[in-house]
């Protein structure tokens, strides 16, 4: 076609052949009711956060059935683990979930330490807690902005980014990067905190508390938001159990399960913090849950900074890059911003692990979307999708 | 009305001026909207092109002019190309009866507000044609939303305006302005606050602006009825959106805010200042609130605005009867 | 009915609260840094991990002993260190920044302490080839910059 | 809610092949059981009734076949358990947990993607993470010469062997090793 032919009203493209969907659309359409429309949301859609694709069978504005289609960001981290040495896989863990990389760092480093029987010096444990909680706050802040953006409010995400940038500045001092951090090492952390880190963090805590009040006025109390999220997408404990949903979703449903408290790791047993449970199991409950968790994290950071012992931040004779895992199997879980992050390592004592299985909380959380979105309005379905706090790289791994 | 040669020439000149006004308004509003959005979000907004980014809207329109008109497969091409044109041109007529200044009226129609309300329905026609013809499911959903929203919000809008008409006893816009005084407490907003509020809410709904931008809800329908439009097609929709905004703001200024009358010196500057204040309000709430859900949008209208406007109308009628 | 009306009035009040907040931000100072007219705080850049660079010793030569520890540690195979004939110092030291994941495995495994992260934030290239950095040449350039400056000042 | 000893006894009763206790400090598990693939649904039902949730389905390819581990976590009290099945390397088939845990659908599809394990009665056993037109064997299958035998992986903790066939797998006789 020549370049001059920029308007082609007489329809060269007007071929009578129907457009045939791809494998997943065909598969989905097979079970469709007559008279419904198959709407393909994504992989490039403003509210699917990255490259999630959701096939929805629509009856007017109502979603009859929905099915997420994954794999657009699949990078096969589990295969990479099988060809790298255990040390070399650390940077990968920071890239599984780019919003809360430190929880993945911790899950992996913790699993290796558990299997190899390495002990972490106390100062390093506190540094781990501080960095992990700061990172959790930044993850929740971004979720907050993105969720309100899903509901149509564009401004709050930019306010959330102000705080997030401050956290990134703080974490950059110790991790050297702003997004895909690889801070943890087997038997410690990669660097110590300095006076500037402590000062910035101490300044940040009251500042964020002030800002959270502003968030309440701007968004939480806003009647439009309230009516968009209250009573939308209830997820009972039973539903969570059947789908393996953990984290804020489960706690919002009213069950105070938190890996930090249930199966303690690090120095969490020494810290006093509440496990908030949500006011309700709907989108609003999950919304409030995450805001409460930000406050919990702030308390944890305050305590950890106050208790911070001196000493080395790395164990003596820490494993080098050529470190080999001993033979055995282990499962280690930490509480990430989205739920229980688990790493299952099976090693035959070789150069690289025999098999590493990454348990992504977002994967389980997303799997209940199909059931939760049944029979809701399209706008509600997208609110539910937003309230699950999805990070697609983590879901796809 | 005497349709002599003079009034014919007057209409031609007025239409030309109104086209200029519409285009100029779009240019200004694109800049204002982006700058306000930027300032609210604590960033500078357009910055690079021209002094503090003032040339940005011109560059944007140049870009839109130069873009390919992408034609999707299997469209109804007549309607597809008719829709943006249909969105743009009826708005021209609607500006004719508006009294910009004491003597500055395109067409001194006696029943000016009837003309405006009659032609305002064309906007939604173009939306439904665009959504229907572009062979896109998002477009179709957006078009369906546009129809029910527009039908719903026109009624309280008319009712609110009717309350003012009851008071002034005239459908002529110049007459309505003339009956208001120069100072803010002499404006209709003081005697008709409820009507003003209803009108303010329904004008946001009528112009499809956030938080009532359901037909083009970005996070749900990507772009709604104009999903498949690019280049000038999109630009015409854009232009007509801003023109519609300007129109309802002018009507608002005329009916409730005293039109061209203002403190110290009456004149067209007051009309423009008031209309742009209303425009700023629309922009401001767009960058503050989340979007309402579709059923809530209709609930607000049918369950609250419509009964309230009817009550308001009754009260106005009764009080007018008692006074006179 | 009345209760719903009261709820709506409260709702409208909450909207006004939200609008007052954005009104406040409308006139608050900007938070963004306008590159290139402004740059971020240099204090922040001190911890930024840019591309690797070799640490010069007293004489300005490299400390690297070509032991290949970094090459083996690297998860991305982005380093290439070739030993020079005769000495233990490297002949070539090629570093592919496009592959590097900035994990610091090389820095931490270096027994001689010869490499570190630079703080070059504004590194921009047009092709991927240009991201293959020759760190020895880079070191030489820095050395000549240092050594070149010193005599000028003294003379 | 059942204590660990109670669970141990219950599994023995239900027909587990091997029940092992684990050192939680190093293995992150309290209890695991190897169960016959046919009765996996019975075991999962017991756990579901006691408030356990399915964490993940982790498959390992070994010399003996595909070793599928289902990790469970309790909603009532801290407790991480594992159920394991060993599947035939030629034709790996196991009933799907979908009737009990709907969330298992995706985990199973993931194992189907990566290993080719077939989960019978999974409602939608199509590729989940991998493209639908992927050529070649499933990506996490290992080269036969790199396969480890189960006894080398140390996955059994302190086992109590209830099925004599498993004695050979867990503690392989010395002779074949000498041959190799």
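Letters are used for the chains, namely A, B, C and D, taken in the order the chains are written, and counting of residues starts over at 1 for each.
Here, a contact is a pair of C-beta atoms (placed from the backbone, for glycine too) under 8 Å apart; a residue touches a chain by one contact, two chains touch by 3 or more.
Keep in mind the model is a prediction, meaning the values are calculated, not measured.
**Q** Indicate, using Cα centroids, the chain positioned nearest the centre of all protein chains shown.
**A** Central by C-alpha mean position: chain A.
**Q** Just curious, how far off is chain D from chain C if you go by their C-alpha centres, in Å?
**A** Comparing mean C-alpha positions, chain D is 45 Å from chain C.
**Q** Measuring centre to centre with CA averages, how many angstrom lie between chain A and chain C?
**A** Centre-to-centre distance between chain A and chain C: 26 Å.
**Q** Per the centroid of Cα atoms for each chain, what is the distance between chain B and chain C, given in Å?
**A** 50
**Q** Which whole number of Å gives the spacing of the CA centres of chain B and chain D?
**A** Taking the mean C-alpha position of each chain, the two centres sit 64 Å apart.
**Q** Considering chain D alone, which of its residues make contact with at least two other chains?
**A** In chain D, nothing touches at least two other chains.
**Q** Quick check: what residues of chain B touch more than one other chain, meaning two or more?
**A** Only 40-43, 287-289 qualify.
**Q** On chain A, where are the residues touching two or more other chains?
**A** Only 155, 159, 162, 218-219, 222, 224 qualify.
**Q** Every touching chain pair, please?
**A** Pairwise, the chains that meet the contact rule are A-B, A-C, A-D, B-C.
**Q** Show which residues of chain C lie in contact with chain B when the two form their complex.
**A** Contacts found on chain C: 8, 15, 18-19, 21-23, 25-32, 34.
**Q** Which positions of chain A touch chain C when the two form their complex?
**A** Within the complex, chain A contacts chain C at residues 84, 87-92, 95, 155, 159, 162, 169, 172-174, 176-177, 180, 182, 185, 190, 196, 214, 217-219, 221-224, 226, 320-322.
**Q** Please output the residues of chain B touching chain A within their complex, sorted ascending.
**A** Residues 37, 40-43, 68-69, 71-75, 77, 81, 137-138, 140-141, 144, 210-211, 213, 217-220, 222, 287-296.
**Q** Which residues of chain B touch chain C once you look at their complex with the stated criterion?
**A** Listed in rising order, the residues are 36, 39-44, 47, 284-285, 287-289, 304.
**Q** In the complex of these two chains, what residues of chain C are touching chain A?
**A** Touching chain A from chain C are residues 8, 10-12, 14-15, 17-18, 21-22, 25, 31, 43-44, 47-49, 69, 72-75, 101-105, 108-109, 117.
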